[in-house]
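Some structures are shown below for you to check.
Next, two complexes with chain A in common: one pairs it with chain B, the other with chain C.
Up next, the complex of A and B:
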């Protein structure tokens, strides 16, 4: 362990506590203000008209009929849409995609905005949208993976994953004593956060005010400012609460730009909230994939090659290629590793990052392929994974910053009872005659850090205020980040005022990549540390302080007092130090990003092991996931309650991926047929039975000073494969397409 | 949305003479209005009418049209004497919806065909003569029995399937003020070339009650197969009432959901079972009768297999064959 850990990190009484969400009461009582809860005076309601065909051209719109409807104030079409200052095809920020904002009459996907109606009421605007009655010239849409040419691309930007090769894959195939060659498919999925996309925009001269849910406040401001030709600092964005984001609220999309444009055009505040149906189109999704996995092992079951080729669907007008094959990098110790990506352009909206982008789809295929390999070898799937356990990062040989995966396997298997699993499928039945199967998968997720800044101010009365533009999507940032901040200041949580969710605050970066607690938390930690350092200087220089002259020994902060390090008999209260200094406040600043040396020297990932029990009706083939046990090692856990919720949520998402979620396109017309939550299934409570999360202890001195990795996405990985494998184990049938449905097992 | 008038009925006559669309729980109608699938000019709210009682009647029960799905499912007499109905109700929708949904509204809920609910698609049911977008499309929820080239939609109700098996009667107040009773077996229509006409109810007529005959003999089973454990419409559902005497099936009535434009009942299936000893072979033979004219639409082909399997599983349970095994 490096010595930096002890001197830089204080762990007070806040971190590690399962504190309930500080915003919980406000949310369940309706006190929390979400974007669409704002209704400024004279607000206009905006409704966009979605294309109902997937490919072609708009040839006519009954604008007169819409305009004539009482309460409709404006009808905006490509003919009269005021100009934008930035081209919707430009990429002003790292996460930018071309969007549709009434540039032309071309229809590129069903659900694309083709006109915008503004009205004094939502009802008037909605009826105006109906009256527009678009007519089209229809071209044959392409929505299946084989309906257009496959292509490769240069990995020159976000959304175009690089191919990676380590070792000699062909030699690995040639040397293999056993091999599998399997192809898995995953369906298109749509984020569908509980809160649909919403914005209230108003202009004051060239200053723009926005209430909208955002996972990345400063990047969103910069992006929107670019399209409207104003400096980013002219945009004020409030995003105190998000009703879920899952990646789709990190990127401002066409509907947002249209609402902002409408506000500028009319000089009135404009509100837009997407309907559930509108969530299936212009606001991102997880693109469908087809993944071929070719695995080879030597006679003892050691992987000679792990060869993963992913085909991902994207739109006709931008590239977001689901980096699914990358899931095979970094996990198993194969002699050779290859991950390649190709893509196909379909008449769909551009996909985007959706909770565990790449890893979710990639892990699903990888963990099933690993199971098939174990089957071929006649080996227990867990034993097979242990045989190929990577002690150092496969390919690069870098040490891991920490990796308690072995403990995850052991504790998860123990809790689940894995040792009793028969090797052969179709061996187990329960008392009701249902087939029972057990499967497992390894969970794996990188732990990136972005960049963040934070301020902290210790007030004269000894309480503090800390601030950073963090985003709480429901994961608990309001709580976990405040816990870190309070510890950094040596104060109880209730004496720290925490400000977040506003673009005027120091930039907290992106709430994504499972890196928000690590990144924004590290910045808060540094800001608090800066305050304590300054306070120590004041106290050490103050002849009336018990700490006078102790500066060289260093100080620790605890419960609102500063102590001489290693000497509890000498201490002074924050408020007393400040009072003697004339009642001044002390302000500090902190920033955070991954230390480049640490990143260079180490591979950094969170790990886990998921075990699933599935019961399958032998006649009707209904599947029930009766038990899920997940053991995860993800560095320091700031708040066990919130972390557990994230992992539960991830595992339920995995169940959803395995058995439920799928957007289905009409084969001829191309639109999504099940574009609502009655048709687009996610699990309901009755689908989720035993859920068990084990948090495996892990110290990581390298990821950041806090030792925090991240838990937001990893729960999905491993789980999908575990369920697919359990279904095979119950039935003997391999279904190589997710979601797995009754008809896949039914036979005839 | 389109502006509309709202009236409140204080007597049944107000409803039948209002020249308006009846709204009860509103759980189906309001959704369809928001989607602009139904856009009535006038609504008449019947929820203040005195139609929310369950009374003993002719040896059976008379269920007021406004009895909620929750209250009906929880009623002691229903649970004791008509468990197939209680179970079917509880297999439908969610607790919140069942609290609002009424008996009359449930019978008349519209199909869940996703092309019907999407006004951009041609649909003979929504817009007679416009065509049927479902044929050749995504047909997981569509019919395998009794469909026509004009419409392949299914009726989504669970409750109505159980009532079909029970041979319930529907009490209707006509616009003249007269009352008539129609067996549920004659109430629903197949799509034919008029899929927009779904029942024998004439415009303005009000369902006032559902009448259940005296409790049937035998075991009652309701089984619903769907894509998730709750809160999903049936792929296939089976309601069965089977009386086994001395090792033989003395009487059987089977009704099916998810297969057709109406809750399906085929007397020939019942006859194929009656008088015979319950065996898997017999069940298969009865399934052959049920499915003789079944036609898949592509993505729902599996329902032909699933219907057979579900029917056999239900019969095994209802005849006691399952316990014996």
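Up next, the complex of A and C:
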């Protein structure tokens, strides 16, 4: 990638600097190559036909009409689909989904691929797809939470959340002097990254080359390889730029496998890019939930029990159960805590991880239930949360690795002006007569680490190259990770070439769980450290170096020089050390994961507090979020500009969750009626008025060597509840369903 | 895209002739029809563009104080001319249709012929008691609109002109659907010396309608308070993902009051 850095003021290290994203200029000038921008010679275009019903069977396809259309080269249906080596109905790994790749004629959800057309042009393939004119035998679709039986399941690590109980919930209920028992619902949501799913696949013998957006490159290679019976290392995946992922671009799904299969079948490169409408079906979504929260407190407002039962929708053929109830673990100091999950099978595509899976929907319900509890107690909602502040992890008693939530509450409340909030709802009006309400919620997100590897090479001229297969989904990994790498090598950022986004590089793990900077960053940090260690050995052993014999004291690297630790008068330039050693390069490797002991010793989470102001038109019931203030403590911030941007994005996502996003199913056929961005509204600038982020300082010696927690998802949590609570505060009406619709406020 | 014939006649007479082919369809500004073709909800064999016919473009005032708008006049021109001819209520309506691209291409004839249940002009046509002029006859607004996307137009009939009596005071209020800016409900209120017209679009399952109860109340007292107690039943109102029937019924009242207040 060309170095597009602006000059900036540096204060010693690269980390902590608000550097603009290094890929920004390439993106806004059109220089960035996204997957579908690749058009190899003789490429064929693939278009799949999505089922327009949610349940039933395909009874007829006009394959002859499609085949006869000029430019159409192949029509692939369950009748003639070449075999796959791995069965898409299987789950080869914990992280695999079952999916449709034309196994049979059953329709299990609307948008399911039911045929694939290949053409010399996109237009020909699109027309061929239309000419197929599928006919169906239609069965009654089940798309509502009560339209099928609810079930429980044995947990596993991905998609089937375990139930968690601490203390004695029944005793907690019995002991409660005050209680609330409320049920909240959240709607199905679809990721809808700006860049829709896309792939360009070509085969060379049994080697596969892929241009596709991926937020987990090596996992994607292994995933795809399985279905084609080749080793993962035979797959080369390039994913330099992604137009957003949000969790949907980590695990291969049916459309990808069909495109790769088409390339193998034809011996030609195949390109497929999903339309916006096709994003609503086979590529994951956030399943709808219904959550019952039963809270009890003693007379002083201390929680005796926090009891959270979640019901989540999944598909009829696989389980991804939005782990909403888990949001009640780890946050408030309740005498007893219980999180349980059940599920219901609907005629929808299998849900998957969508930005803050579980935390987003769980926090929405939890923070509203907390507000309702505070109302019942006649307490200020912030005061109520402080009364239940957890000094150690609730249930386990583990110490927190760090927790500056109190500071988040204080700084957020101060900036927002929370102290002036009337306790009762319906008290405030603005100059135009609009109702004004203020609400708040706590933000909370775990800080996991996965596994990652990285290499670093110091070149003879004293510059460096670092490598890891990191994924920049737009969050800024190209920039923040490069900052970490440069610091680990003691070099200015512009002296470090950063290679990422390619499966041939050391595995950077998954850009997910808000853990990419922590994980891939730690691997880079270790790789750079390894180089510096070796360089120190060379220098210490070199009689001509000012560092000769100083190996025991240890070295620090800064601005391209090695210094004796604690003695700035003795130093040597990287390039000089290497020149004297014969001009060789020094290469180092690093890996990162969290040691199980470390994970056991401390509870590790990021925290925050979000405050919302809404205005409601008393005649129209129109709602506007006029101010959002979020204060977050998430460990060390590598790049404040990018971190702030992530937190803004998270809070806007929360706004969207609270007021806009909802896929609505047609009751008769089960398809999604608003499967485009006109009907499925995501916020635009006109929806977002005041947005304010405060980064609260936090040092964490335990999460990882860098002290980095993660900011990718936490902004959603707290925000949804804050907005819901603000709407109650404006109107006196509790709407226990998200998104809150305009007509929900009618008649007050 | 599939193949079709295309003609661009210069006169209404030639256009009428060109439209005699089976499955031929007139093309106005294409702001509705072209997306419809793309989605293949319509597949005419021939498109007859009306864009080259000068005789159906332009706006003037006749001796009965009616604004005479050529069927091929685009929204932007209507917005400008209605203002200078003393009909600001129509300017308000036309200047808030879609975006500048839509307003520079889309025509009043296309809008009235299409009769989208959420289109804006039908509300003005009903409220003012407009006359729809075609290549073969004149149709009163009350007889013209026949429900959702249905009108009195025959096969191949072209709207050449719309004659709208200019009210003494008028205003249009629409509650915008945020993505398209089409009205969820739009109300046009027009006050004449002897009567008041209230046209409601976007609300009813039977398309645009006149809210006669409000017209009567406003006829004796043209104030927002006069319609305060009135409401339309939710029965028969459109219910969709943007709002329930109850909500639309509620909006009819609110939008009417706001339009009356704005027309003062």
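Following the convention adopted for this analysis, the second predicted complex is superposed on the first by the 732 of 748 C-alpha atoms of A that agree within 3 Å, B and C clash if a C-alpha of one lies under 4 Å from a C-alpha of the other, contacts with A are read in each partner's own complex, and residues count from 1 in each chain.
Everything that follows uses one rule, which is that a residue touches a chain if its C-beta (ideal position, glycine included) is under 8 Å from a C-beta of that chain, and two chains touch if they have at least 3 such contacts.
Computed from a predicted model, the values in this text were never measured in an experiment.
Asker: Are chain B and chain C a fit on chain A, or do they clash, once the structures share the same frame?
Answerer: With chain A aligned, chain B runs into chain C, so clash.
Asker: On the A-aligned overlay, A:624 touches which partner chain: chain B = first, chain C = second, or both, or neither?
Answerer: Once the two structures are laid over each other on A, A:624 reaches chain B alone.
Asker: Identify the partner contact of A:600: answer first if only chain B is touched, second if only chain C is, both if each is, neither if none is.
Answerer: After superposing on A, A:600 lies clear of both chain B and chain C.
Asker: With the two structures laid over each other on chain A, which partner does A:420 touch: chain B (first), chain C (second), both, or neither?
Answerer: neither
Asker: Looking at A:681 after the superposition, I want to know if it touches chain B, chain C, both of them or none. Which is it: first, second, both, neither?
Answerer: After superposition on chain A, A:681 lies in contact with both partners, chain B and chain C.
Asker: If we overlay the two complexes on their shared chain A, which of chain B and chain C does A:41 touch? Say first, second, both or neither.
Answerer: It touches nothing on chain B or chain C.
Asker: Which partner does A:154 contact after superposing on A: first (chain B), second (chain C), both, neither?
Answerer: neither
Asker: Just checking: does A:667 make contact with chain B only, chain C only, both, or neither of them? Give me first, second, both or neither.
Answerer: first
Asker: On chain A, which stretch or stretches are contacted by chain B in one complex as well as by chain C in the other?
Answerer: 123, 127, 130, 619-620, 664, 673-674, 678-679, 681, 684, 686-687, 741-743, 746-747
Asker: Note which residues of chain C are touching chain A in the complex, please.
Answerer: 1-2, 40, 175, 178-180, 241, 243-244, 246-247, 250-251, 254, 257-258
Asker: Give the list of chain A residues in touch with chain B in this complex.
Answerer: So the residues of chain A in touch with chain B come to 52, 123, 126-127, 130, 619-620, 622, 624, 659-660, 664-669, 671, 673-674, 678-679, 681, 683-687, 741-743, 746-748.
Asker: Touching chain C in the complex: which residues of chain A?
Answerer: Spelled out, the residues of chain A in touch with chain C are 123, 127, 130, 619-621, 662, 664, 673-674, 677-679, 681, 684, 686-687, 741-743, 746-747.
Asker: Which positions of chain B touch chain A when the two form their complex?
Answerer: Chain B reaches chain A through residues 1-3, 36, 112, 114-115, 118-121, 133, 136-138, 140, 225, 227-233, 235, 302, 305-306, 309-310, 312-313.
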